[in-house]
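Alright, structures below, take your time with them.
Below, chain A partners chain B and then partners chain C, in two separate complexes.
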Partner chain A sequence: MIGRQVALRLLLAFPTLFGVALIVFILLRVVPGDPIAMMAGVTATPEEIERLRGLYGLDRPLLEQFWAYLGQLVQGDFGVSITRRLPVTELIFERLPATIELSLFAMALAVGLGIALAVAATYWRGRAAERMTDGFSAFGLAVPDFLWGLIFILILGVLIPVLPISGRVDPSLSFSSATGLYLIESFFRGQFDVFVSTLSRIVLPALSLALPLAAIIARVLKSSLAEVMQQDYILLARVKGFGRFRIVMRDALRNALVPTVALTAVQFTFLVGGTVLVERIFSFPGLGNMAIEAVVNRDLPLIQGVVITFALIFIALNMLIDLTYGLLNPRLRHG
Partner chain B sequence: MAERRIIQATGMRPLVRPGRVTLGATILALLAFAAVFAPLLAPHNPIDQDLMVSFLPPFWSDGADPAYPLGTDSLGRDVLSRLLYGARIALTVAVIAAFLAGLLGTVLGLLAGYFGGWVDALISRIVDIWLSFPPVLLSIVLVAVIGSGLHSVIIAIVVIDWTRFCRVVRAEVMVQRNQDYVAAAVTIGLGRWRTIVSEILPNVAPLLIVLFSLEMGIAIIVEAILSFVGLSVPSDFPTWGGLIQEGRLYVNQSPWLMVFPMVCIILSVLGLNALGDGLRHRLDPVMRR
Partner chain C sequence: MNDMLAIEALRITIAGRNVLRDVSLAVPQGHVHGLVGESGAGKTMVARAVLGILPAAARVISGHIAFDGAEITHMSERERRALLGRGIALIPQDPMTALNPAFRIEHQIVDVLRHHFGLGRTAARAQALELMHQVHIRAPERVLRQFPHELSGGMRQRVLIAIAFACRPKLIIADEPSTALDVTVQRQVLRLIKHLQARENTAVLFVTHNLGVVAKICDTMTVLHAGRVVEEGSVEACFERPAHAYTRALMAATPRYDQPAAALAPVPEALSRDLADEATAWDARHGAA
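== the complex of A and B ==
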């Protein structure tokens, strides 16, 4: 049953993948009048441009180019980066773990913070604490992740410099990672100096990404908690004499969580998208930072590779979300 | 029916209790005022340089010059004047981009929602493809490809954000399509297009006003992001994002350079979000308690 659903989802992903490939092709090879001139720069001679054109197959008809390009993509071959002179795939795999680690850490922060805020608002309902969490939610939503990043740099990096604001690990520490997931790996290998250094550098970018999501989680969870608190079984629990904290934490929270879980999953893709700029601001060596570098340098193969990698991540996440919905909601299972 | 909702939406009816709508409308009015009257309000030309007075602090600090109320930047340009002119760019981009994104998204959403079938399948598939790209990355690549400038920023926002309108309008039209008034319109012989434009559209309009308000906030952020990355308008133009980027270079000497434009962006977005949320609550009978 579930196997069939997964197969169906995979099948449905194909037209989307094809569409993504088509858009990237149009965006990077058809729209800019001459991508080669863009890559070669103003100093290139006409002969050089002609040579590059032949090298990238841009002198052939568009349809033929598209076909060749699709063939390369299917093989996972994004070509060679112009500025780094290394295979794009290699560069992407080198950077990907950093972005994954940052996204997951940010997500954990957002969930923890969001739940704490919603519970606090419900527990102290009608008091100043509730208004404070509401205010925080509104503020958290109005300030986009990259501005949070700048605010943190300003306050904790410049005015009260307590945390490092760039990089991933102290450059003086030597750490050769097998997985690229520094935080987890250094912890389990017992290199706590590396762990602390990594942690101190991931906190601010992760918090920047987490705050807007935490605000959304707090808002939605608070309203489902308010609904659940009206239910009869909560009244029953009260009549039984359970404490208010226990009721909110154990009886209400468990039943209010489902809509929040669904929403959090959807919002996670936005958080991953936000890493692009936040990584740039904190000079965090992830995929997003490399993407902006590639755009600034007009490194066409690298731009293409990074955009398609992000699209693959998004499609995979959306597929996972759909499948989870199907599992959580029995009514959709037979749809 | 639709008229009454719009009257509520534009806040022309006396407000029952001052709340988010008032707050949002006030901030929006201030922003519009600053943008329209920037040439009259600004004490200096925003691009006039005077190296003799660079890095002046804001008026409350020691050593401030009352002629430059919010201080000056690294080239001695007046920060207040630059912020006021920045409001012009922010508001222009916000209004035009949100309007065009709304137009495109609404047309496609109406088509998908009303006709269903293969039209809906096609449009929904395109939306799916669009949602597979991280919006920030896509906008940066798009502007890099079509060249920087205000019009590119607007194009980027429209190309990326029409899906927000499309999804919501489609879902709403699907609900509206099964209402009795649509059946009545068909019965009295209105054509499909008449039905869509003069019957369904007015009933979707309140929703559009809410989305428009929220989209303006998003457009201000996207413009700031693109300026921040250096892809928006030439650096002579004072954009809020550009001011942040410039301020970032001198954050140790003069942190205010970065703080002021950030406050402008945050207040604008806070106001537009409050307006959108407030309108949604007021227009949605279920949420209006």
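== the complex of A and C ==
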């Protein structure tokens, strides 16, 4: 059954990708701004500009451009970046690991924080701790990720400068990474100076991305836990002589997590989308940061490539969500 | 006489309303005591008071609960945790909702054994297997690996009985442990409880709507109405010479043991008016808290 679900998803991915490609293509040619003129600079002659235009195929009719572009896409070729003069695929693969690492780290923080808050609120129901977590949830939800980023930069980067606020790793450290996943790789290769440097730079952008999601998780999990705590099997756990903390953590949490997982997974796609602005704010060299540079420079092939990559990530994530949900719920697994 | 459970003049209110009006009862060691009454009489409240799991709004105004000679009415949370599951256990009413849907059966039997006896994984597992045999579950290895939703209601109730007897408690509270099941399974479950109780010499407080069930498995009984004890004594005495008109009415209307135990049949209107008046008079004498 799960196999058929995956196949259907994969099939649906093609029209989705085609739609994304089409929209991006049209949008980029509708908005004002001439990329070639920007690339050539103010001193360029009209002839030089025409020559460059021909080089990038931008002088041909739109439909022809689109077909050429689609043909390249199917072969996994996103063309050559206008500003960087390197294959777009290469540029994307250079930046992708940074964004993946940031997103996963943020996700882990959000899940950990969200669960801790919901458990604390449930354990201390009716006391000050519960009201504090409610307040935090409301606040965490009201402040968007990029604003958290600015707040952290102001407080921890400028007022009390305890953490570096830009880049991925201290530039004076030399680290040639095979995977691009600095945090994990430096840890397993035992280069702890690199690990600490990477960690200290990823914490704030990750926390900015994580806080709104943590607030959502805390809120949904808390209400889900409240419902579970009313169940007969929780009463039986009390009658078995188990303490309240154990009951919340062991007997209640797993049941309460099922509805939370689906929601968290959907929210994770928003978190990935949030990396674009947050990476920019922290000069974090990921995909999102590069997307903004590409937009500023009107680097059409690069923009197209990054957008398609994000679309691919979202499609893959959604597929993963369906699979995890099926695996987590024993009733779906056996029924 | 050595009473495993002794309740003395227990008065409990919920939001200022009397729900138990000076209830007294005793369960001697190794005996099965029936607690009978119609819906809302306060049977579950008695059970929850003994277990110390009253609803948050409930208040114990006066009275005492003693377990094995020791006062447990206002026990600390910590002391109670050591008692529950080990000294006193519960067979819950609804087997469909009393097992945790997220864990395998094995986990749910083993956890109480490990918690109270600090057993290792292997020892606890062997013990769980032995318990499964004792509650007559066929293919116990397979059942231990299953999740609750994979078992029938009767199987789940057997598992719950195994959990209740796991730590060999001195007192078991059974709150209508068979009403959610169909008649044949009900009978098997009652026989199983009686069998294990007799073998382990456990005291049982057996809560039920069904006087037929009381006649079958109880030694002594208490009839509760609107939170008041209206009849008590040995089962034979109560059945042969019921002291209260309410008990007589219940017996006249009692479904046979092998019939579905729905709510007790309605008692005559004049009688229930009298009983309601008595409860009001009691409240007037004692204050509505």
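Keep this in mind: the second predicted complex is superposed on the first by the 293 of 335 C-alpha atoms of A that agree within 3 Å, B and C clash if a C-alpha of one lies under 4 Å from a C-alpha of the other, contacts with A are read in each partner's own complex, and residues count from 1 in each chain.
In the analysis below, a contact is a pair of C-beta atoms (placed from the backbone, for glycine too) under 8 Å apart; a residue touches a chain by one contact, two chains touch by 3 or more.
All values reported here derive from a predicted model rather than from experimental measurement.
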TODO: Could you say whether A:Leu8 touches chain B, chain C, both of them, or neither, answering first, second, both or neither?
DONE: neither
- [ ] Using the touch definition from the top, say if A:Arg298 reaches chain B (first), chain C (second), both or neither.
- [x] first
TODO: Identify the partner contact of A:Asp251: answer first if only chain B is touched, second if only chain C is, both if each is, neither if none is.
DONE: second
Open item on the list: Is A:Val307 touching anything from chain B or chain C once the two structures are fitted on A? First, second, both or neither.
Closed with: first
- [ ] Check whether A:Leu55 is in contact with chain B, with chain C, with both or with neither, and answer first, second, both or neither.
- [x] neither
Task: Residue ranges of chain B in contact with chain A within the complex - done: 125-126, 128-129, 131-138, 140-142, 144-146, 217, 221, 225, 228-230, 244, 248, 251-252, 255, 258-259, 262, 265-266, 269-270, 273-274
TODO: Over in the complex, which chain A residues touch chain B? Could you list them?
DONE: 15-16, 19-20, 23, 27-28, 31-32, 138-139, 141-144, 146-147, 150-151, 153-154, 158-159, 269, 272-274, 276-277, 280, 288, 291-292, 295-296, 298, 303, 306-307, 310-311, 314-315, 318
Open item on the list: Taking the touch rule as given, give the residues of chain A at its contact with chain C in the complex, in rising order.
Closed with: 231-233, 235-243, 251, 254-255, 330-331, 334-335
Task: Complex contact set, residues of chain C against chain A - done: 51, 53, 80-86, 89-90, 92, 94, 97-103, 111-112, 115-116, 147, 149-150, 160, 163
